[in-house]
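Chain nomenclature is as follows: A, B, C and D, assigned in order of appearance, with residue numbering initiated at 1 for each chain independently.
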Amino acid sequence: MSSSIGNLFRLTTFGESHGSSIGGIIDGCPSGFSIDLKSLQQYLDRRRPGASSIVSQRKEFDEVEILSGVFEGKSLGTPIGFLIKNIDQKSKDYDALKSVYRPSHADFTYDKKYGVRDYRGGGRSSARETANWVVAGAIAAQILKTKGIVVCSFVSSVGGVDISEDYVNLDLDAVYKNEVRCPCAKSAKLMQAVIKKCRDNGDTVGGCVSTVVKGVPFGLGEPVFNKFQAGISRAIMSINACKGISFGSGFSSSTKTGSMENDEFILNSGAVSTKTNNSGGVQGGITNGQDVYFHAAFKPVSTLMQSQNTVTADCKEIAFTAAGRHDPCVVPRAVCVVESLTAIVILDYYLLNKTTKISEL
Amino acid sequence: MSSSIGNLFRLTTFGESHGSSIGGIIDGCPSGFSIDLKSLQQYLDRRRPGASSIVSQRKEFDEVEILSGVFEGKSLGTPIGFLIKNIDQKSKDYDALKSVYRPSHADFTYDKKYGVRDYRGGGRSSARETANWVVAGAIAAQILKTKGIVVCSFVSSVGGVDISEDYVNLDLDAVYKNEVRCPCAKSAKLMQAVIKKCRDNGDTVGGCVSTVVKGVPFGLGEPVFNKFQAGISRAIMSINACKGISFGSGFSSSTKTGSMENDEFILNSGAVSTKTNNSGGVQGGITNGQDVYFHAAFKPVSTLMQSQNTVTADCKEIAFTAAGRHDPCVVPRAVCVVESLTAIVILDYYLLNKTTKISEL
Amino acid sequence: MSSSIGNLFRLTTFGESHGSSIGGIIDGCPSGFSIDLKSLQQYLDRRRPGASSIVSQRKEFDEVEILSGVFEGKSLGTPIGFLIKNIDQKSKDYDALKSVYRPSHADFTYDKKYGVRDYRGGGRSSARETANWVVAGAIAAQILKTKGIVVCSFVSSVGGVDISEDYVNLDLDAVYKNEVRCPCAKSAKLMQAVIKKCRDNGDTVGGCVSTVVKGVPFGLGEPVFNKFQAGISRAIMSINACKGISFGSGFSSSTKTGSMENDEFILNSGAVSTKTNNSGGVQGGITNGQDVYFHAAFKPVSTLMQSQNTVTADCKEIAFTAAGRHDPCVVPRAVCVVESLTAIVILDYYLLNKTTKISEL
Amino acid sequence: MSSSIGNLFRLTTFGESHGSSIGGIIDGCPSGFSIDLKSLQQYLDRRRPGASSIVSQRKEFDEVEILSGVFEGKSLGTPIGFLIKNIDQKSKDYDALKSVYRPSHADFTYDKKYGVRDYRGGGRSSARETANWVVAGAIAAQILKTKGIVVCSFVSSVGGVDISEDYVNLDLDAVYKNEVRCPCAKSAKLMQAVIKKCRDNGDTVGGCVSTVVKGVPFGLGEPVFNKFQAGISRAIMSINACKGISFGSGFSSSTKTGSMENDEFILNSGAVSTKTNNSGGVQGGITNGQDVYFHAAFKPVSTLMQSQNTVTADCKEIAFTAAGRHDPCVVPRAVCVVESLTAIVILDYYLLNKTTKISEL
């Protein structure tokens, strides 16, 4: 069950980074929806390595093949099987890794848990898996868009360089106008410099991805163990290198008083709204109709072009320097992964919420 | 399905704060385990209001009745049904709330989602529900203890007053030596002062709970969508007022370089260990045998003894001041809730991991 | 997870026959539904022992207490916790059973699986558990009724005495007009005689329960592993003593040719209907708008008032004669259990089906 | 969730009969198991059409490609993705079906449920899907075999011609010695004649598949809603054309008395055994260490080479005669499908049972 996410809109995936292909099955996609396959592919291309100077130069075309569940352009309501071939695997790059436990990688834990491991490039633990998530996320986002729900993620911090602006003042249409995928051009420039400097040092750097969801209706989220923020957190914390998540005012709320933090209800053209949105759009685990927003922290990529000390599977201490083509900073490519998982989770909540009230059945 | 947590060790709960009782069913508790019911009750008493000067003065005895699944002191392997009666409900306190949407409470969202609401004291959205979690958590913790796994949570921050020490330098046996439940006596005193000041102002204050789990074997966690940190995050983010969670070095890792952040593997008496533990004991979603640690942020309690502006169900703007007996700061009582959910999740991973390797079946 | 049934409308239960009580949690009941508690109790009374001369003379009042999820007569959308006290437990009757494995009972298998057992009256394996199912089934049936869906089960066979009539010729309103709960008065009389004769011999006898569901809309059922008949079969085969289930023409269809068995489509007042209904209302795992009907076979109750050979937990061969108050034939009391599980499963399918078409979201 | 089966060993599938391929993902396969891929393919070939004179003459090579989860011959513990290409699709055969609702097929119900349909050869409702199940079943069977558990299914009835022998007297190694896959050569000959006669008439015929599982340890099955027989029934009733299932003495038990039906416990070389096995190896939903056996009834294939009356999507009554290459009798090919699902379900119970007793954790 661990390779699945979602209850009614449910993605199940497979694939090692250096097997023949990766892929997945989307079960529970509503029927009769016209999937825009070209737009899906374009969306997937955002995650692709080799797309800019500050990400991995591996060439993966990541062309998705839809194998089932779509007929004459429309979803059938049956499972959508899909495949992405692995075509630029340079497995030989990884021969050296057969018995090395790379620091902060999953080599050791996979070896210990499963007793066997595909040592070529991370295998199942590789972030290549996230391409599967983007396929499902793209479909979910297309469906949500028809309901007026739009998910927008962006880089809000790299190596300590933060956007200082509140999100409401940002131009979210500008996210893809720079390689960092940060809507603030000024910060983006500084972030890019940080990333390049790290890359030049054979080092890597961490960062944050923030997400704003507009148009979320009230009522999404299923207390008490499937609260909106709990479902989102489970998904986002599944992303490789993600170390933390916070909603609305987040960790800073822990330093505040209730009189500073509470969101007073107000009337806005006759409708119930809130004066502030420290809650990040969620109260009691249910969306309140305001913008949903949350932040995710990513550690620096673990693969360095520097020598590090580590141990081997047969318990020898060695010095190790990685080869291959790796990202100096993962957050620009993580943006669409965060967006995708968010869309999957929200669509699932949207469907679940359709069965709540007896008066609407 | 939203009232359940866990796959093999599974808790399902029910209950509104002002109904006749709350309770739950623990399904999948291993058979033949001698449950220490006295210790379970003592554990539950830690969550109880009225236990110190800085928490709510409501009197709830929270006596748990075990209704099934335990026979002659041992778990039967069948579901453990349990009940906690609600005995100090002063529902009249809540009559005024019938049509008021309290700021940052779930009154509005429950009303909108379900179209009907038990307005007495939060109903299902009340933190009273967490008593159910502590019952299951206490049993999980007892089982884990026999496997050498010990979960310890504590208050690490209140209103901006932080423990400055690294957790490894703290005396975790001292957590319950003060009302704040902070293992650093000096910080505890400052935190207590902050809480009392807020209480005296009719205000509330937020804080953080940190958790250290010792004795976790490697191999727990199920990639890719049921990674260790994803399962913990889903659980902890289900707690009322929780706004964020981070593992190991957490959000600060986003400001670091890989060469600063990576945990180099070393040999420790011949066994593979790590030099640092920025990962918080998890790599690739699987525990690596080091201490697990993570942090959770809680916003201030929403119920203030001050006047706030808000709106009513029939769309009138009013000023509202709460009555009743409420916590000025929730984190001291949240400590055992965080511990309990952590124990539930870890036991579940422990059981799941028993079915991994063909050689151990 | 094994004590739960249903996906969106989900029942989780607990309870041993001789513990203090049994009960359950209904999660996902739509909000705003006016539950008729009096009618619920009357429905539950149908299952009660002691109600007629041909069933067990134990006195269980089976009064259900609703503990949560209902407020001012309406479902809140939150979990409905409920309890049924065990009040006429004569546990002493069971002392003799401590170490005896009663033939065809679950004493042996529970002992071997769990290593520990509540030997008083079957414990968790007792059919007393089915009272929990009837509580949830009664609520599901009330909801379904508002959608025009009516489930009707009845005894169609006892000890080889069958109703010879096709179900369409039966007066389904007559089911509760006799103690056997068979809509054909003539057959009922013969069945009653068979049961009484068995009872007088200290023996028991098997029988069949047939079910007709009217008003089922087309579209219920979720291929490929949650087909309508698969979900119903899983539920019905969970009933104690149930040995088989068949849909529509059932096992006899295996002896037929396609030209005899196929249900030709016809137009009925302009609507698509079928000329025959050998399919039992289901095609491809999805209801087709015709009556759903199926049959379940129950073996004779295993507890005999006769001497039988068996073995003890410490591996001695003994002769054993049961004491206590038992049913000579379970099918009259099974009728409302079959109905209840059917209602639970159908309501679940009904809710699932609300999320199928994009055009209806 | 409807395209998945199993809890810990979990198969999720996709595919329409006339799409580019079908396939699936097996999640939770234990790691370190040496999968015999050649034997897997041979097993799959048993299901293939075109293999004998009495089944469909379509040519599907059904070559399975394993895409992930297996490395250097061993299972990785990660999901096993697999694919079977559809290569002999004669979609033009189906153009005539675009708007016809074939009698007793799923055309009508899919159309009504989903509002859209892949009309080429049944689409998702085609029995082609069962090839996916056989892939997973073959792997499950290989694993079970190492635990001494062997599943054997066979044709026990065709068009009213039954094997009269009790299963214990049959030579189960002889199942594949004839085209009918019936272990009794004499009955097989009669069955074959029935099938050929039906085929020559453009008609089809139903039959039964019986299953014996040897070597099942006691303890498998999870009361109360995941009882052994409930899990098996859900799986088997998912098979296309399956109309009923019964365990052990099955429907005939409903005509018996307890004194005839009960299985007395005896000692067999000091171990607890049963004198008879009317229970079919299961008591209280848990296996008792005896042979498991059950029977499944299949209706005749719905596609006839005869004219039948039916209606069209635009509500016209027409006469319809099928074209294409279809099975006159499905049961010979269903044998390995029944076996496969049985193996999947039993392996899942086997894994679940590993987490039952505290003393074995």
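Simple rule for what comes next: a contact is a pair of C-beta atoms (placed from the backbone, for glycine too) under 8 Å apart; a residue touches a chain by one contact, two chains touch by 3 or more.
None of these values were measured; they are calculated from a predicted model.
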item: Any chain that touches chain D and chain A; value: B, C
item: Geometric centre distance via CA averages, chain C-chain B, whole Å; value: 39
item: Euclidean distance of C-alpha centroids - chain A vs chain B, Å; value: 26
item: Between chain C and chain A, distance of the C-alpha-averaged centres to the nearest whole Å; value: 45
item: Junction residues of chain C, two or more chains touched; value: 1-4, 7-8, 13, 28, 31-32, 75, 77-78, 113-115, 124, 223, 352, 356-357, 359
item: Topology of the chain contact graph, where touching chains are joined (line, ring, star, complete, other); value: complete
item: Residue ranges of chain B touching chain A (in the complex, touch as defined); value: 1-5, 7, 13, 101, 103-106, 108-110, 112-115, 124-125, 129, 157-160, 198, 201, 203-208, 218-219, 221-227, 229-231, 233-235, 237-238, 240, 242-251, 253-267, 270, 272, 274-275, 278-280, 282-289, 297-304, 306, 308-311, 315, 317, 352-353, 356-357, 359
item: For the chain A and chain C complex, residues of the former touching the latter; value: 7-8, 28, 30-33, 75, 77-78, 143, 146-147, 223, 350-352, 354-359, 361
item: Touching residues (chain side chain D, partner chain A) in the complex; value: 1-4, 7-8, 10, 12-16, 19-25, 27-28, 31-32, 65, 67-69, 71, 74-81, 83, 113-118, 123-124
